[in-house]
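Note that the chains are named A, B, C and D in the order they appear, and that numbering of residues resets to 1 at the start of each chain.
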Amino acid sequence: MPATLLKLACPDRVGLLARLTDFVATRGGNLLEVHQFTDSLAGWFFARLAIDSATLGAGSAGLQRDFAPVGEELRAEWTIRDEAHKPRAVILVSKLGHCLADLLWRWRSGELPAEIPLVISNHEDLRGMAEREGIEFRHIAVPAQQKDAAFAEIQRALDDAGADLVVLARYMQILPGSLCARFPGRIINIHHSFLPSFTGANPYQRAYDRGVKLIGATCHYVTGDLDEGPIIEQEVIRAEHFHSPADLLRLGRDCERLALARGVRYHLHNRVLIHGGKTIVFRD
Amino acid sequence: MPATLLKLACPDRVGLLARLTDFVATRGGNLLEVHQFTDSLAGWFFARLAIDSATLGAGSAGLQRDFAPVGEELRAEWTIRDEAHKPRAVILVSKLGHCLADLLWRWRSGELPAEIPLVISNHEDLRGMAEREGIEFRHIAVPAQQKDAAFAEIQRALDDAGADLVVLARYMQILPGSLCARFPGRIINIHHSFLPSFTGANPYQRAYDRGVKLIGATCHYVTGDLDEGPIIEQEVIRAEHFHSPADLLRLGRDCERLALARGVRYHLHNRVLIHGGKTIVFRD
Amino acid sequence: MPATLLKLACPDRVGLLARLTDFVATRGGNLLEVHQFTDSLAGWFFARLAIDSATLGAGSAGLQRDFAPVGEELRAEWTIRDEAHKPRAVILVSKLGHCLADLLWRWRSGELPAEIPLVISNHEDLRGMAEREGIEFRHIAVPAQQKDAAFAEIQRALDDAGADLVVLARYMQILPGSLCARFPGRIINIHHSFLPSFTGANPYQRAYDRGVKLIGATCHYVTGDLDEGPIIEQEVIRAEHFHSPADLLRLGRDCERLALARGVRYHLHNRVLIHGGKTIVFRD
Amino acid sequence: MPATLLKLACPDRVGLLARLTDFVATRGGNLLEVHQFTDSLAGWFFARLAIDSATLGAGSAGLQRDFAPVGEELRAEWTIRDEAHKPRAVILVSKLGHCLADLLWRWRSGELPAEIPLVISNHEDLRGMAEREGIEFRHIAVPAQQKDAAFAEIQRALDDAGADLVVLARYMQILPGSLCARFPGRIINIHHSFLPSFTGANPYQRAYDRGVKLIGATCHYVTGDLDEGPIIEQEVIRAEHFHSPADLLRLGRDCERLALARGVRYHLHNRVLIHGGKTIVFRD
């Protein structure tokens, strides 16, 4: 059953859920799935409603139109999206292919409901992996002295591709603040450590040096603050004294793949809301 | 904030959640937490609403009275309970004390909102553990030839204690069907294996013999069918070739304690619904 | 450092490890890694020694020759292998590609030290996935009425490919006993349940029907007894009431991929010993 | 079988394990368990040998005497201990009792092979918990203005109790460097976060504020550097958006109990070696 997804965050007040469910019921909408969370400390309300699109007389466009005044009254941030319309995701990579390979395989198998029109890289290494799936691969070098030009080109490429989502699948360049600002809550990164441990470079080597007994990976939204964006998902695996830095790298790859794939999937299903630098994730 | 908890299961139909939230809003009730699940395969609807008791003019008794005709109309199984009224839990044990020690510690620390008026055992070993917490301990032997009499006595003891919940914390006797039937969905057991693997006796030895690489424990409701009741929670831990049966027993104890404690806690918070031999658990 | 791997299992006696380490030291061998396990219940001794090949004057062939009388004296099952000589692994698949995709990716990235000369399938679906990696793909149909002929053809293909290892990566046919017997301890299967739970067909549906709270996958050696072979690795993931059978299938795929990849890797590194229907796994 | 435990760390050289196993075999010792690890990056060798005490003619004292020149020659740090001689562990606590309750229960059940002659606290709250197990409880207040005197008294108490090991089971005071130096590698602490995340105070609140999706606990040796000592064990549990700081505290308690109990157990079994600020843990 294709669903229409209503996602909403607003100041809490009495009767909000009744208001929303009434709104849907009045339009004949059959609720397939309802998630709600009240953050009583912050006084904020979050909800995700999945409505059987076939039961909505006026379609998701009609619902969107009708909901506008309600959203305004509630001072809500909200979106309504028809699942039939898939988001367009552009993937940025460098040389390491494990995350890209994993995303592409999941996408092919139907786990990730997105269009993937483009893969961008600052290296040529992964061209074959993208093109064999029929996806355009674009090499945009990022020389140390010409970063501004490079990221301007990346931004144009994202615009041309109509990117709804940008996935940094082990992209080893730091995005400029302007680019981050253009895609608020729509750039997802995988960091190869269990944040806030080991922010920055070489986390596996530093985990090795510190002698931690678990290593991990963190999937998060990208903001101007490096490694400080809202966390969507984290994964860990046990490390032992006999694991060399190379072993940690190998074990960590599985964490990275799982955390990134889950984070991207949650996002694509409109299951993530951002508030106060944190995420609400209505997992499936 | 003490809450009034409405738990409900009924055949699915359009507008159910709107109906419930309206019902609460009309009575001034402020929703603290809402969980809902529609099992579209079974065509069944499940919900748990936590309502700020202070906002309910007529109290939880009033809500209960008002809801009765609604529940009937929806052909629902439902309960309304004021959290201020704690369930009375009786714990049954044999000789092994790890689960009892754990439950008592969590109870003392406030993790388990229950009265514990009584511990029953077919052995004397754990008397001290119960009595030092000020809990009555009753030894009811279960001789092979006089089981009927023993379980009749247990049943009277449970009735006298006003038991709302019976917890089998490694109680090594099989309850008769009549006793199970008297507490439907209100007897919780911990089985020391990852069900449905290793039903019956000596699961750790059998796990050892089979050479499994993970062992576990299962917290489930007790029905007349041994080890077949609805599962509430399961926990696992990694086993390796160097673990003897005694090691598995030791490692498994931690699984048992965690799975039992979580299962009991979910139940005490009215977070578990049973349907078709399975559970819906709105976890916290 | 390329290593020479000595793997050995024999009846326990005093001084075994001294005997082995002496044997290596006498030949100038530098031990890189030593694992030893004494199963005191079974009275059996297991060891794996990784020796720096460069320090062995006579090479691994010389070591093998010299060790023969020692192995005989100890009544040991043993192998000596130079890591430089990679085992030849043939992969059998049906229609589902997630395990094959994962194995091929890990192989490409260097996680799996093997030659993969051939992929065999009873369907055409995964031809592209194999051939784009430069691996021969052979379609051998297994019609219900001509199974004997089909498996005879498979056996010839395995022989022609010089298979040291056969990996069943969600191959949905049951191998005949004769084929199993030809590759003792050298056929690895992934079963899509947490064995011994849900042996046989449709484990995810049955896990759903039972309402388990964790699902899993099991990587094991294949013997004539279906789903009863020695277990190498198991992996689990949490299941909740809102997971449909399709969700369990999706979540389970990640368990399958991880468990199979680890099991195959352990085997390829000579880290697995089989004894009494169980495995000793010296993990890395 | 009571064992004699030889634990050793020294610069790596060829033939070390042969040397050690020969040494034991020559004295008639039957090896029950052997662990060895060569850190090829650091050029260091680590081993733990468990020898059946009954097979040692001259006993563990004799072994110790004989091994002294060998240890010197190898420039090794080493200990030989007869398991029959249990270490004396003193536990320090403040007001929170979950870790103490857990340690005491495991100790009673035989999981922790130690004498526990004394519990010290800067508060009176947990007196009952210790005394009901027959353990002396000593209240040593640590007023802000008289810390030196307080810790001098603690040191005397530890000396009087003949402490081999000091366990900080949520002791909320920072030990002075002089006390740390007096028990090198013999003070174990549980920190209520997944180090190096959230060193210092209030880790659960800070984990909540950061919005992490997993929280954890770290068991480590105490050095003069707060939260920087060698890590023995870590444990994590999943956190979700609906978990309040109080929920994280509750969930974290289980991580703390497990990580601390495992760390203390490994230590008591002489399974931990410290080198370069990290630990080698030969787990059981």
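Here is the rule we use: a contact is a pair of C-beta atoms (placed from the backbone, for glycine too) under 8 Å apart; a residue touches a chain by one contact, two chains touch by 3 or more.
Keep in mind the model is a prediction, meaning the values are calculated, not measured.
Colleague: Using the contact definition given at the top, which chains are in touch with both chain C and chain D?
Modeller: The shared contacts of chain C and chain D, listed by label, come to A, B.
Colleague: Since chain B and chain C are copies that touch, is their contact same (over half of the numbers shared) or different (under half)?
Modeller: Shared-number fraction above one half, so same.
Colleague: Which chain has its C-alpha centroid farthest away from the centroid of chain D?
Modeller: A
Colleague: For the interfaces B-D and A-D, which has the higher count of C-beta pairs in contact?
Modeller: Ranking B-D and A-D by C-beta contacts puts A-D first.
Colleague: Where the centres are mean C-alpha positions, what is the separation of chain B from chain D, in Å?
Modeller: Each chain's C-alpha centroid was found; their separation is 36 Å.
Colleague: Hey, how far is the Cα centre of chain A from the one of chain D, in Å?
Modeller: Averaging C-alpha atoms per chain gives centres 41 Å apart.
Colleague: Taking each residue of chain C in turn, which ones touch at least two of the other chains?
Modeller: In chain C, the residues touching two or more other chains are 33, 242.
Colleague: For chain A, which residues are in contact with chain D within the complex?
Modeller: Within the complex, chain A touches chain D at residues 37, 39, 41, 194-198, 210-214, 216, 230-234, 236, 240-242, 244, 277-281, 283.
Colleague: Show me the residue ranges of chain C that touch chain A in the complex, using the header's touch definition.
Modeller: 33, 97-98, 101-102, 105, 109, 111, 132, 242-243, 247, 250, 254, 258, 284
Colleague: Could you please specify the touching residues of chain B with respect to chain A in the complex?
Modeller: Touch list, chain B to chain A: 1, 14-15, 17-18, 21-22, 24-25, 28, 30-34, 36, 38, 40, 55.
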